[in-house]
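Right, one structure below, let's go through it.
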Amino acid sequence: MSPAQERISDAVAARRAGHSLDGPFYTDRDFFDFDIEAVFARQWIFVAVEADLPEPGDRTTVEFGPYSVIVLRDDDEGLRAFHNVCRHRGARLLDPGQASGGNLVCGYHKWTYATDGSLLHAPSQAADFDRSCFVLKPVHVRGVGGLVFICLAERPPADFDEVASRIEPYLLPHDLRRTRVAARTELVEDGNWKLVMENNRECYHCDGHPELLRTFFPTYGYTEADVPARLRPAHERYLRADAEMRATYTGLGLPYGLIEELAERPTGFRIQRDALDLAGESFTPDGTAACRRRLGDLPTPRLGHLSLHMQPNAWFHVVGDHAITFSVLPLTPDKTLLRTTWLVHPEAEEGVDYDRDTLLKVWTATNEQDARLVARAQQGVGGPAYEPGPYAPGEYQVEAFCAWYLARLSEELQR
Amino acid sequence: MSPAQERISDAVAARRAGHSLDGPFYTDRDFFDFDIEAVFARQWIFVAVEADLPEPGDRTTVEFGPYSVIVLRDDDEGLRAFHNVCRHRGARLLDPGQASGGNLVCGYHKWTYATDGSLLHAPSQAADFDRSCFVLKPVHVRGVGGLVFICLAERPPADFDEVASRIEPYLLPHDLRRTRVAARTELVEDGNWKLVMENNRECYHCDGHPELLRTFFPTYGYTEADVPARLRPAHERYLRADAEMRATYTGLGLPYGLIEELAERPTGFRIQRDALDLAGESFTPDGTAACRRRLGDLPTPRLGHLSLHMQPNAWFHVVGDHAITFSVLPLTPDKTLLRTTWLVHPEAEEGVDYDRDTLLKVWTATNEQDARLVARAQQGVGGPAYEPGPYAPGEYQVEAFCAWYLARLSEELQR
Amino acid sequence: MSPAQERISDAVAARRAGHSLDGPFYTDRDFFDFDIEAVFARQWIFVAVEADLPEPGDRTTVEFGPYSVIVLRDDDEGLRAFHNVCRHRGARLLDPGQASGGNLVCGYHKWTYATDGSLLHAPSQAADFDRSCFVLKPVHVRGVGGLVFICLAERPPADFDEVASRIEPYLLPHDLRRTRVAARTELVEDGNWKLVMENNRECYHCDGHPELLRTFFPTYGYTEADVPARLRPAHERYLRADAEMRATYTGLGLPYGLIEELAERPTGFRIQRDALDLAGESFTPDGTAACRRRLGDLPTPRLGHLSLHMQPNAWFHVVGDHAITFSVLPLTPDKTLLRTTWLVHPEAEEGVDYDRDTLLKVWTATNEQDARLVARAQQGVGGPAYEPGPYAPGEYQVEAFCAWYLARLSEELQR
C-alpha cells in the first residue's frame, strides 16, 4: 500500500457507523483520487440519455475527475463509448458537449477514426505503421430503458445485468427512449460529490425546499411511528393518495413496489413508485402536469412519481408528463457538476404543449437550494473543528450510501 | 516528527539572527499549516471589538486558516465563542460577517443551539439521543478594555492575564467598550501574514506613507544617536511635542511609559503613549481631531496616540477622537486578511460630528501602501534567488517579532 | 535521490524512443520543478532583443518558473542581468515589463543599486555594515547578433560560444542590433512548455494554419520521397523557389545551408535559410514585404526566410523586411508564456512604411491556432487514458527535441 492508501485504509477502519464521514473523505486530494479509482472508474455510472443520441453519428462527452469519455451512436445505431484522447500525441478529440457528425477527426494532425473507434487514416506514416494498433480505447456502455451508463473498468460489476432487469419493468412503460431533451442545466456545486449524493438521500432537510414540498410529501424517509406531529396532516394526505395510487398502478399493470438495495450490492439502487400531493401528477405548484403530452402515452396524468436512485452518481424522477435525470460528476475534491436533464414526449412542443419555465421551476430551485446546503457542509467539514455527528433515523439512506461507499473503498484496497 | 516538522525544525535551527527569515517560512504550505497550529491555534488572537456585539444575541464570525469561529454576546451579556460547525453533519452555522438574533439554527437540518452553545433541539432523533453530547465546541474568549481576543488552545498561554493587567490602565481612560463602529475595511493582502506583521513593526519604510507622515514622526524606531541628518528637524519637533505630552499625560493621570516585551514572553506586546506632529490630536492632514466627540470624554483633544502591538496578529492606535484596530488573519501562505476598524464615541454622528472620508483617509491609504510593499516582498522571497538579508538597527522590532515567532515554533516542535 | 527524482529517473528510463512523452512530463509539479532546475536554470535561454535596451539604463524583466530576472543596459552600454530581488528583505525590485532609468532603487526601504549591481546606498545601517556584501546577484547574459540570452547556472554550457560563432554569420547581415521593436504580444498558452516547443518543431499540423501556409511551404519536415501526392504541386514550386534562392544567397554572400544539431549537444539548435512561396519576400498573404525598409539594407526583398531554432525555448524567423522572435517561458506545469516580438528597420515608421495589422497578422493568427492545439494536447495527456503514441517521419524534430530534453534530465540526475 502507498502512504496515501494507508491513510485511507486507516480512515475506513476508524469510521463510526451511523455517523457522518470524517473530514478527509470530503476534502483530501488523495481521498478524492482514490474515490475516482475505486468508485468512478469501477462502477457503472450514469452519464447521458439515449435521447441525447437519436441519430447515427450523434455524440456527447462526459468529464469527471481526470477522465473525458465520448459516448456516441455508431453507424449501426448502437451505443459506443471511447476515451476522448487521440492515440497519436494524446490531444483531446472532441470538445465538451454534444455534436453530430461522421468520423472522429483529431484537430491536431487529422488522425481519423470511424464511429466504431477504428483508425481509418493517419497521414504520412512510415511503411511499418499498423493502424490496427491505434484504435480508440473503448469504454463499456449500455442503455437501460433509455438511460445510458458507462463503466471504465475492464471488468464491470457483475450484478448490473440483474439490477437492469429489475428496474427496466418500472421504466419501460414511460418509453424514455422515445423522448426529447427539453432542457439541460449544469450546476457546479461547491462540495465533494459525496455531499451531493448524501444531500439527495434524505428529506430531513426538505423544509428548505418550499417549491418541491408543494407536491413532494415531507414525510419521505420517516417510519409510520416517527412522523412528527407537525407533519401528521401531510401524512394523512399521503396515506389517502398512496392508497389511490396503488389502485391506479395495479389497474395499469405498472410495477410500484419499493426495492431498496443500497448498501448490500456493488450496484446499489433503490426504486419505488410513489404518490405526489395536490393534483398528484407532476412537480408543479398545484401538482398538475406541466406538459400536455404524456410519456409512453399512458392513459392518465395522475401517476405520482417513479423515483430511482442509482449508486454512485444518479437519481431520477419520472412523472406522467416528463422525466428528470440527475448525473453527479466529481470535478475536484470540493467541486462537483450536477447535470440535470428534462425529457418530454418527442412531439411535445415548447410554448404549445408546455411552458419551459413551469417545467424547470421546481427542480431548478431545488437544485440551487441543495447546492447552497452542500456548500455549507463542505465549508464545515473542511476544518479541524469538525467531528462526525450522528445520523437521525430519517437519514438511514445516507448511512446506507456511506456503508456502500466504504465497502467499495475496502474492495479496492484489497486488490 | 513528521517530515514536514523536520524541515521546519531544520529551518528554525538554520536561521541567522538579525536577518530576515528564509523563503519557505513565507511560501511553503507545510510551514503555513504549522504556523496555524503553533501560533494561531495556541495564542490569544485579536478578532473583534466589544462594540461589534453591543446587545445579547449579537454575533460575528472570524475566519483564519482552516478555522471559522463565532463570537457572540450571550443572553447574560457575556462574551462567548464557538467553532462555527454544526455538531450534526458539520455544516457551517453562520455566514461570514455580523448579525443579530436569538438561537443559532443550522440551515441544513434545523439543529438549534442556545447562545451558550447548548443544543436545544434536534428534530426527529432516536429515543437514546442525548442532546448534551452535542453542544457547540467552545473557544476561549475574553475582552480587554473593549478589545476581544480568542484562543483556540485547550490551555491558553498563562501570561495573558498579566499582560491584560498591564495594558488595561492605558486603554480604560478611552472607554473603548462604550464606542460605536464607524467603519470597517477588509483588505486581502498578497503576502504571508508574517510579512504583514513585519511591515508594521518598523518605520524604516515610512517614506512610502506621505499621508501618515503628516502627523506620525518618521523617527520612530531610531535611537537618539541614529537619527539621520535629514530627519533632524522632525526629531527636534518630536522632542518638544514629547515633553509637552508627558506633562499632559501626567496632569491627566494617563499612563504613558513604554513597555516593550515583544520577544521575551508568550504574549509578546508593546505599548506606549506618544506624541503626534502638527496639531498632535489625530491622524489627519493637519493633525486636528477628525471627530468632535472624544472617546472617554477626555478633557483635551491633544493627546498624541496610544500605540499598542499585540503578538501574533494585531496593532492599535487610540487618539483623542477615535481608535483604529487592526487584525491580521492568515488565509493561505500568500494571502492575508487585514481587518481594520474605526471606533468613535457612541453618540458621534456621521456627517455631523465627523466626516467619514477624513476619518478613514490616512489609515486606508497607509494600509494600501503597505499592501503593495508586502506583495513585492512576497514575490521576492518566493524565488530561489532570495537570501535573507540583515535588519538595520531601526528594524529591531522586526527582529524581536521573528525571535518571538521562532520561539513559538520551537515550543510546538517540542510538544 | 529524492523520491521525486526517483520518479523522474524511472520515467526517463521507461521512455520509448520515437513516441511522445508520458503524461507526468507534461502535468506533474515535481517534473515541472525539475525541468526548471535541469533545463531553464542550466541552459542559455532566449529572453529579449538588444532593441529592447537601446540606451544605458534601459531595463526589462523576464519571469519563468520561480525566477524573475532583470536584464539591462549598464552605464558602459554593456548588457547586465541580475536576479530581481533586493538583498535586504527580498522585495521584488522591478515590476514586470520594460522601463528606463538610472540606479535601481528598491521600493521598500530605498536600498539603491548601480546599473552594475553594486549597492550604492542602504539607509541607516550599523557601523559595521559592508555594502560590498550586498551586490545584486548576477546572472550570465550575452548578445548574439542582437538576440539576448541569459544563463542562471554558475557555469553555463561550454558549447554556447561555438554555437554563437556558427549562427552569427547567418544573423549579422540582417543587423538585428540596429532594429526597432514594432510590436510585442504575450500569449499565455494552456499547456506545458514542452508541448509549445514540440508543436513548433513540425509542420505535420500545418493544415491548421491557413494564413501561414500562404507562403510557408507545407512540405517542411518531409523528405523528398515522403511528400504526399496532395502536396506535390507545392513541392514543385518549392524546388523552383529553392533553386532561385540559392543563387540569390550565393550572389549576396549570405550563408544558407542547413545546420541541424538539435539532440547531439547541450545547446541544441537548427538554422537554415529557406525559400517562401508566392512573392517569397515575407509572411504576408501574397508574400510581398510588409515593410518598405529592409533590415540591414539588403539589396533585394526576395530573400525567403532565415529560420533559427534554439533549445530549450526559442525560435526565430528573419525575412527581408522584418524579424520575429519567439520566447517560450514556463509559468506552471500547464501554463506557458509565449512572448513574440516583431523587429523592423529603426527608421521604419508605422502607418508610413508598414501597416501594423499586416505585419502582425500571420504570426498572431498562427500563434493563436497553435495555442488551441497545445491546449487540446494538454487536456488529453493529463488523463489516465493517454498513452504515448508514435511520431511520424515528419515529426523527426519533435523526437530530436525529446531526446535532447531527456539527456538534460539525465545529466541533472547524475549531478
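Order of writing sets the labels: A, B and C. Residues in every chain begin at 1.
Simple rule for what comes next: a residue touches a chain if its C-beta (ideal position, glycine included) is under 8 Å from a C-beta of that chain, and two chains touch if they have at least 3 such contacts.
Values in this document were obtained by computation on a predicted structure and should not be read as measured data.
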Common touching chains of chain C and chain B: A
Interface residue overlap between copies chain A and chain C, same or different (over half shared): different
Computed distance of Cα centres, chain C from chain A, in Å: 48
Sites on chain A at which at least two other chains make contact: none
Chain C-facing residues of chain A, complex: 41, 66-68, 83-93, 107-110, 122-126, 129, 134, 137
In the complex, chain A residues that touch chain B: 20, 23, 198, 204-205, 207-208, 222, 226, 228, 372-373, 376-377, 379-394
